[in-house]
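Presented below is the structure to which this report refers.
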């Protein structure tokens, strides 16, 4: 995509606090366009694994969401951009319309990127007209949901592009490092050796009868409700994520060859898929390399960064090898409740985001957010009294409450505005294409 | 198998209370043999679905368990029956030995049934010698575990044989009904119309901070421990299981064609597998029949019996259609805690066990046990502080804590001695070959 | 692709007779570019079935062929355009280099189309330098092979784009019909109702001891050699191809539901894939439509055009239903030997080629070439004494002599220069994405 | 099966010349029973690969053939043994009745072996009544076909049992060697070192216009007709089969790792299935063993016996490695036409048949028959003018004429009466469970 298609925020601007609905909407829309800047129209066609969608599809589907659930219902006289798009860019909402099989998205060469960009502009302009009319409360709720939905797809877009570039045998990088440099460079310049890791510590928590789930008036997804009581026994949580270097020790100790560390289904996955390292690790003449949005990097440079792109099964096996366990989602939530939402996020000033070496316990205490989503030992299920949204939007979260595990805390490709203490991400336990890592508990 | 191979208990004898370890062991061993009486050596070769094993394999594997974990360790001078059996009849204990792939069990024509019966006698005799020596505590614990293990395989043996006879195009029946008759016959004779169902009622429970998991000194599996506190919001539980007749209404209302009732993974299963009824239902000229251990019966005769052989997905969809939900495992356990373990079990005097029409709320109140395992909405996970048994036997339960749902309460093919309030059964949500049914909650 | 990227021949110019090696080369290269004119860079990324490759890949791979087998060996000082392309665009030549799995071609967003076009220009310019040096005989042979190779990929490119546009749920058309009009239009204007079909006649042949395989000095592939004797019994060949209208009668007579017409493997394919019509036929409210390079057309408009995109199994079943059989490749060759190579080919002036209604037996006699490849009943095997080319190019044809059937005669997407009487095309019997049709024999 | 169930011929008796229809029938029926003598009812339940059927099914299906195509039509008043058997034991005759999927045969525990044996007796007795009535010509033709059909299943029965015993992890042997000894023993006793191989020679043939297909009045299958002319170029055929020792040299030279020897589809099969030796070879501490009907034997004892259980792809790759090729089926037939049908067959006096070391060119010249079926380079297609039998029996051979290769000459498990010069066996090129070997041509 050429740099001129759309005015964009720099990542630093985009991390400013944005509160008015219009600003919230515009910031989300600009951020998506910014992320596409390094991509060609051809890059935006690639769908390289079953979990992924083409970047162009993400551009269209997020726009479809506003058209379908906001403009068609709340903007009188709204003219639909293209009647076919109503079903073409529906992802999985059975009660809205029929929709194409996911794997067909790679065949959507038409509409071309140009037309998708016009679609975005058409919808964005109509949204501005809606904002001028002071939209009613339900419309504002839908807009808030739509902005959050778009942020989810920003994260997916980068996750999918990383897979696309990894699949391309030429192993393209998403972005060169910016002139401003990265945290690692800054660390190195300031004499902080980025490859040295602090020893792992544990923070202890008392447990007891706690509350979990979203509280207060801000936005949340239906799956974060209702807030409810849970009983927790005393526990402890690691003060940082497991690093690539530590994970390499697990591998060197036969981690992928010793069934005693693995759940039975995990061991089946190891054997069937031939797993012997995290998804983007590859070895060349005895040395491991890791493919990132910055291209392929030697493991030894990343030894102190959090391990990423591991499945739940690998996280669980690592924990067992280490004599620890994974936390439940409620342990994580109770521990983090009083912490500010700070960490290495999509908006943190990295041009090509990767998990950061800056894991150190600083004066402000442990950071629990960002870098990598944390696999928890909790299955993704409805809270007591859970009720999906009414109507089509009820298909958003509830229908996936089967066979998945909860992840918490966001990653280096999550927009900071998107995350909160009660946020529940979820993936099947064999999923590896996400920025998913490991925080130990005991 | 001929009726003369082994002295057997009648089902009525076998339900007597048995407390001494030797009696416990002998009762379990006799019960297994009794269940094989209607089977030919050829029947005992069949392995008709991925979940199933041949009956002969069940005979051998339960024997292997006592040989491997009791006799080899605790009976000095024990002579192994056949060194090859140590790995041949290992099911999945990676740390014990290599073992054949499960699907190969159908090729075990040798050792023949005669040899397997000699293996059983060899081990049974050695066990008697051990009992004479007053075995040490750990040996007694292993024997208790082995008896429970054998009871699990009794249930599997009948479940598997039902599938085998269903797969045989001639649709064999396991047993003719006995001369003594069945509960349904008795009901009919006593004027209790077996096909009339009481209206569904709900019993209400207060919830609060409760304890779950095994308490007291008796036997339990490691996955029932530790006993721990859970917080429950107020809830209500149906006073009987959902019947075949009620389930047929769900089908008639488009249950299998309307995605709005289904979890996304469940809807995928419906489409991929072409599900349109429970596993053993088939239609012939507009009428549904249900295949049971008593052969194929018309649905209309079974309208008042609990629906069985449904997956978690179907149970969950039914509940959503009915405007209810499935209970959590803790709701079930808290509700049932004070109830006696009574119900329609393997030892209940049926020659060819099926779920019973006798669901009625009698003077003693609701029956929560037996007939069909109840799918809960709880994923099968370790309790807080869960620790598997040490050593090889630690592979018994813990390694399956992924991707499965908990079932509670036992079924018409569960030995009554085997069940208790804290008992946790578990299967993948798409599993349909079990005697698994539906109890609603709200 | 924009129309300005390359000077192109119109299809009429390109059908001129071209004999000098340079002209042969240039005509092939121009034709490829001409075919890409209606395509966007995004279209050229799509790989919509296992048989297909992205159009961009075809552009690159045909260029790679000249670079790898001509320039690197015969142009002193040739500078390779990009060292990675040597393996990246290798299709399957195991002895040349490693190569990416075919399914990965959809991930080649980089190199972008711009770079592939520069690659083509780089190689084309180097070829011109080679032509100036009067290349040696082996180089000329390789150039001839490369031009034929490129023509094969022209055909594949259109075949693959048809599938890509069919897979896109919006069902794009490749090209509008040109201003000049099509044969059908001409026919209609001249009062020849394009939808009336002449009754099928048969031409009789004596057979006897005949010769088959390439004769004379022109180019041929190794699989057309050596010319050898075959004995043919007397036979007859239909004087035109089977039409869509005739095929629809087979369907209406239960063709896809009656196993008696099908080879056992064909019947399995029908059941497994749910075949009930040729690949691009779909029904809508009781009417069949056919998807073509001109978009979706009603079957009734195509009733008199040859049926296309049928598998060998369907061709064979149709023939059995019709009380006929398919010809052997030698029967076809002996019958056609004395015929001029005339018919509806890629260069025949159609802007969006489809099989033509112009099947009529004209004064010059039956036309045997063009429109659709004819499935023969001959398995694709080496002729007696067959010897593949030496070296890497020996992997061109011989290694595919297993499990495939021979097709003869070319289709509406075959360049006319490419075809000859001894030409052997080959595909697996279940293949349906080709312009493959039916000529009956008896 | 106990030895007392049926009077049987010894193998020596059964090889006597049998000409009267009744004798032909009885000999075939006795031979089947003789082959089952070493098998238990449980052995006869095993179906260990997709190609195989349980031995019990072979017993029933061959009986079904006589009941369905002879007795029901030609014996007035014939009482069907069991109406269900008509469809239960139908293999694949679509026009006769529906039939169970092949993979379900492993679930046929009922009818038990006892009942199948009674079915055989019932049919055999009815056949005797038919013989007393002097059956009409068509009945005699069907009986002849049925006897040949049963002989085919005798061969399959042993092929399948070898696979069953190989799949059983205990690696059972079919039969101990008999007291009388084997040819190898006799050879050794007579000082003929069985492990020494004569150098491979080639017999030369002139070719020319020859006739192929069945001639004369005896029985043949429809696929051997019509006799027709073929043109053959001069060729040469090896004077013995390729041995295990020679094949081991191909393996040692990287045969399974070098794509240059393989057809493309064959190389795919090597990679997908992990082939690195013939089907029943396994290595243990650097030494290869071969599993046979006599149990597992060291390769070094079998170095001079023909290699068996190789696929067409392996045969073809071996030939290319050796600088030779496989013969066409017509080359084989023309070369062998004048040879007596002699060789190592099922009736050759081996208790547990295996390919023999007795490959030597004796005074009578080269032996072309027996030991192993010879893969030819000919696809299995209909001869010019081929016409299947009318009616249901037309589904016998013709519908399989797709995707298979022809094998010639019979093997050590083929009844000698069953084979003739025009006999065409056929299997898919990846098939390995047959006694299939290699005879080179040039």
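Per-chain numbering from 1; labels A, B, C and D assigned in written order.
In this text, contacts are C-beta pairs under 8 Å (C-beta built on N, C-alpha and C of every residue); 3 or more make two chains touch, one makes a residue touch a chain.
Since the model is a prediction, treat every value here as computed from it, not as a measurement.
Novice: By mean C-alpha position, what chain is farthest away from chain D?
Specialist: Max centre-to-centre separation from chain D belongs to A.
Novice: Taking each chain's centre as the mean position of its Cα atoms, how many Å separate chain A from chain C?
Specialist: 46
Novice: Just how far, in Å, is the C-alpha centre of chain D from the one of chain A?
Specialist: Computed from C-alpha means, the inter-chain centre distance equals 60 Å.
Novice: Rounded to the nearest whole Å, what is the centre-to-centre distance of chain C and chain D, using the mean of the C-alpha atoms as each centre?
Specialist: Each chain's C-alpha centroid was found; their separation is 41 Å.
Novice: Two-or-more-chain contact residues of chain C, please, as numbers and ranges.
Specialist: Residues of chain C touching two or more partner chains: there are none.
Novice: Which pairs of chains touch each other?
Specialist: Chains touch in the following pairs: A-B, A-C, B-D, C-D.
Novice: Of all residues in chain D, which touch chain C in the complex?
Specialist: Answer in residue numbers: 92, 94-95, 209, 228-233, 259-260, 262-267, 312-313, 316, 328, 377-379, 381-382, 384-385, 399-403, 429.
Novice: Which residues, counting only chain D, touch chain B once they are in their complex?
Specialist: Those residues of chain D that touch chain B are 40-48, 56, 84, 88, 100, 104, 106-113, 164, 167-170, 172.
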